[in-house]
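One structure coming up, written as structure tokens, with questions to follow.
Per-chain numbering from 1; labels A, B, C and D assigned in written order.
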Amino acid sequence: MTDSFSRSPMIAGEQAKKMPKAAREAIQQVVMANRILSNEGILDALGHVSVRNPVNADTFFQARSISPLEVTPEDILEIDLDGDVVTQTTMKPYGERIIHGAILKARPEMNAVFHGHFAAVIPFSVTNTPIRPVTHVGSFLYQGVPIYDDYEPGEGMLIRTKHEGERIARHLGQHRVHLLRGHGCNIVAENLPRLVASAIHLRDNATIQWQTLLSGKETKYLSPGEAKAAMEIALFGASPIDRMWRYWVARVKRNMPDMKDWK
Amino acid sequence: MTDSFSRSPMIAGEQAKKMPKAAREAIQQVVMANRILSNEGILDALGHVSVRNPVNADTFFQARSISPLEVTPEDILEIDLDGDVVTQTTMKPYGERIIHGAILKARPEMNAVFHGHFAAVIPFSVTNTPIRPVTHVGSFLYQGVPIYDDYEPGEGMLIRTKHEGERIARHLGQHRVHLLRGHGCNIVAENLPRLVASAIHLRDNATIQWQTLLSGKETKYLSPGEAKAAMEIALFGASPIDRMWRYWVARVKRNMPDMKDWK
Amino acid sequence: MTDSFSRSPMIAGEQAKKMPKAAREAIQQVVMANRILSNEGILDALGHVSVRNPVNADTFFQARSISPLEVTPEDILEIDLDGDVVTQTTMKPYGERIIHGAILKARPEMNAVFHGHFAAVIPFSVTNTPIRPVTHVGSFLYQGVPIYDDYEPGEGMLIRTKHEGERIARHLGQHRVHLLRGHGCNIVAENLPRLVASAIHLRDNATIQWQTLLSGKETKYLSPGEAKAAMEIALFGASPIDRMWRYWVARVKRNMPDMKDWK
Amino acid sequence: MTDSFSRSPMIAGEQAKKMPKAAREAIQQVVMANRILSNEGILDALGHVSVRNPVNADTFFQARSISPLEVTPEDILEIDLDGDVVTQTTMKPYGERIIHGAILKARPEMNAVFHGHFAAVIPFSVTNTPIRPVTHVGSFLYQGVPIYDDYEPGEGMLIRTKHEGERIARHLGQHRVHLLRGHGCNIVAENLPRLVASAIHLRDNATIQWQTLLSGKETKYLSPGEAKAAMEIALFGASPIDRMWRYWVARVKRNMPDMKDWK
């Protein structure tokens, strides 16, 4: 199989070098987020993650159409909120980048978006079962996890048109997470560490909740009040979120030889 | 334990060197397919994969009787559709090569066959439960997954006779996948990347579907229409299939030292 | 993300060097316990383990606020039973160190405490289901596993106040393990090898018990009499506990390059 | 923790060097069996495996009391069928070696014994549920898997007395496998490759059968006739058993650096 996505490293790499420091740091961090999500088994060949450009709220950074495992800084494109690639390049973007632009446009207070397909959420999505927080690190789910099922006909369940991007953003509304029936989920957060934590703990909460639900036993979920406090203190507080990010980075460095010396 | 399958590398290797480029590339790709299926936990010691000879539709390439983990280009035999080994060699073929020949004979539009035993399909096969697509990457299952249960007596549930090979091909019919009761599954596809994707996503779809089914909840499977579009666009489209194959190759190179420099 | 927990190795390291040999050995062992619990998948970024100072029953040793994967001897703080850090350092302790101090104060016969969140215990904790021993290595659970649900409002389900520490210690009482609803568990033991064995076998017993319980079949748990004998002989006897600790250490040395030459 | 099992390599190693070639090969193979069972996740710190001495039917070879992961040829003891250590050594044997001697005495046609605790069999053992073959590689289970529950009081569910060894052998009878309630299983086979295959496929069959059983669906197990043929041809036939053993050895060599050059 020939590589149909020829790399133009000079182009993307050279353009990034001329960006302000904050933008270059965001590019570094979105590369690490890709690697973490791959290393922790959250993303495989498919799925993607993005971060808003900190020096231009109307664009975001995201890898070209490759697997998260392979992403390096030279693979990161700058894309505007309508999904048009700003980087001068022939590199191919993800078809579903439209999700990221639409959500970042609708949620100006948020700066990072995840789209993925891990197995744990699918049973909820096809049985219309609400995901609810069963642990303190699943607390961020307390405002509800709606299930999207309004696919554009003929698109193969992919979200690739501007209209469907808008529908997706509207359906997500003020939630942090929604599921796509028979497909996966989208997550939004203030920054990449919170986004990565949300993806990992969504997977874990969903797995635990489904095992619990199979028993048919009455279940005590977190109340909205305790969930809100747990989210702010035990999950997104400075201490736990720093500790988690450091831990995931340490694991990437141990497992991925090309990331060993990541600054 | 002595190695009863003595390697005759000069014989098979020398014969392959004289083949046209397309045939040599097919041999390389079927080696990689073996390694991917081993690396992703789809095949263990048993099970096998084949690809039709691109320069002779009446033969196919398949490893001698060793585990997929160990396969190198020198282990690949050329075999005709009746299961006779064409390569001049003393190397021993798989007993169940008959499955591959029979299916390739009955499906001229297809070029790659998988036979394996991963755990996820067995519960369906022994409870007569239809596998159905629960995700967009399980979409290729939409035409149904029949369950074969017409074993030749005295063969230990193995498919090794010409007659049973024909029964298997007839039972598979125009489907992409069928199960063998209490044994495993056969898969057919247009090429090796699609075949590998089918094996991996069959495993994942079956796992998710069984977890869903244990809940007893009403389940919305993909409709035939959306599954067909999802298969063509989101699974077998050029972009996703290239990304998946690249990803699985990258993982083989990371995990298997002898494959690190695979071109 | 900047490292908000700057390391002061000279300070903690220099102070440890002046301690009696028994204290220095306890520090080494609590480092190894951290690594084992990380390596065996019992702890991820969160959770912690402590050991009483063998030369001062009123203090204990515990890592500063980092993940167990990263802990080295220079990260170990000396903390008193009220949670005040004795080590002269700017390094930040875990917020929930209060659990460790309170339990060690209430249980003078015990010397090691674990707090963690592994998935296997959560379904029990949110459905009010008693964990009971299903195997001889789960025998230590025979005196019952109560479920704590008396969280301090506004603390995000974390145990960080002196009052709640006392409630936790009272709730644990004379048990070896209790669960925290929607959060995790605390474990106490005579020493670190028994504590690590308890954490690992709690996880395994809970996993097996939940799978068993999903079947709805009548289950024969260990009787109190056979559990007590199994705990004393088959789990905490000199031979099995030595063999287990050696095994976990061997795995740490194989998997963590920086621990390869651990004495 | 000090190493209470001091190694006396010169003693055991020197004695082995003087043994006939067949005995030395059996020692090599039982070392590899230990490593395979560790590498495949069948044994952890506990559990053990033995092989009858091919030049003296009244003794068997088994490791001293260490984890299977750590076993080398210098750790192998010669033990008689009453459990007395024949090797002149201070190395400590497993307490439960009595199981191995008693079964080898009662089954002269068999030459290898396994005792272990993997999770998959426990739910069957505590709910009195018969394990039955659901796949062709689980075929060896077709004669039934009785559940032992006649423990010696005060022994902590361990099998360590001569009387209980005899009860165990009687309970196993002419079966290949029996379970020990709330503890694990014993397996017997003609040789080590068949024994290792039996342990791995018992684990896999039990896992699949339990998942199937949770659905409550009517299940078609292998008939005794097809199971017997499958066992003889598809599992223990020369081709599959050689392929499996080679595969497990290849994985040990890849994963365990000290076994890389094993002949």
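Criterion: a contact is a pair of C-beta atoms (placed from the backbone, for glycine too) under 8 Å apart; a residue touches a chain by one contact, two chains touch by 3 or more.
Just so it is clear, the structure is predicted and the values come from calculations on it, not from any experiment.
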Both-way neighbours, i.e. chains that touch chain B and touch chain A: none
Which chain is most remote from chain C in terms of Cα centres? B
Interface composition of copies chain C and chain D: same or different, split at half: different
Report, in degrees rounded to the nearest 5, the angle of the rotation taking chain B onto chain D when the C-alpha atoms are fitted. 90
With centres defined as the mean C-alpha position, give me the chain C-chain D separation in Å. 33
Cα centre of chain B to Cα centre of chain C, whole Å, reads 46
Mind pulling the chain D residues that touch 2 or more other chains? 214
If you connect every pair of chains that touch, what shape comes out? Choose line, ring, star, complete or other. ring
What pairs of chains are touching here? A-B, A-C, B-D, C-D
Where on chain A does chain B make contact in their complex? 1, 3-5, 44-46, 65-67, 69-70, 92, 95, 117, 119, 122-123, 126-129, 149, 151, 153-158, 181-184, 210, 213-214, 256-257
So, in the complex, the side of chain A touching chain C is made of residues 29, 133-137, 139, 193, 204, 207-208, 211-212, 214-215, 217-222, 225-226, 229-235, 237-240, 242-248, 250-251, 254
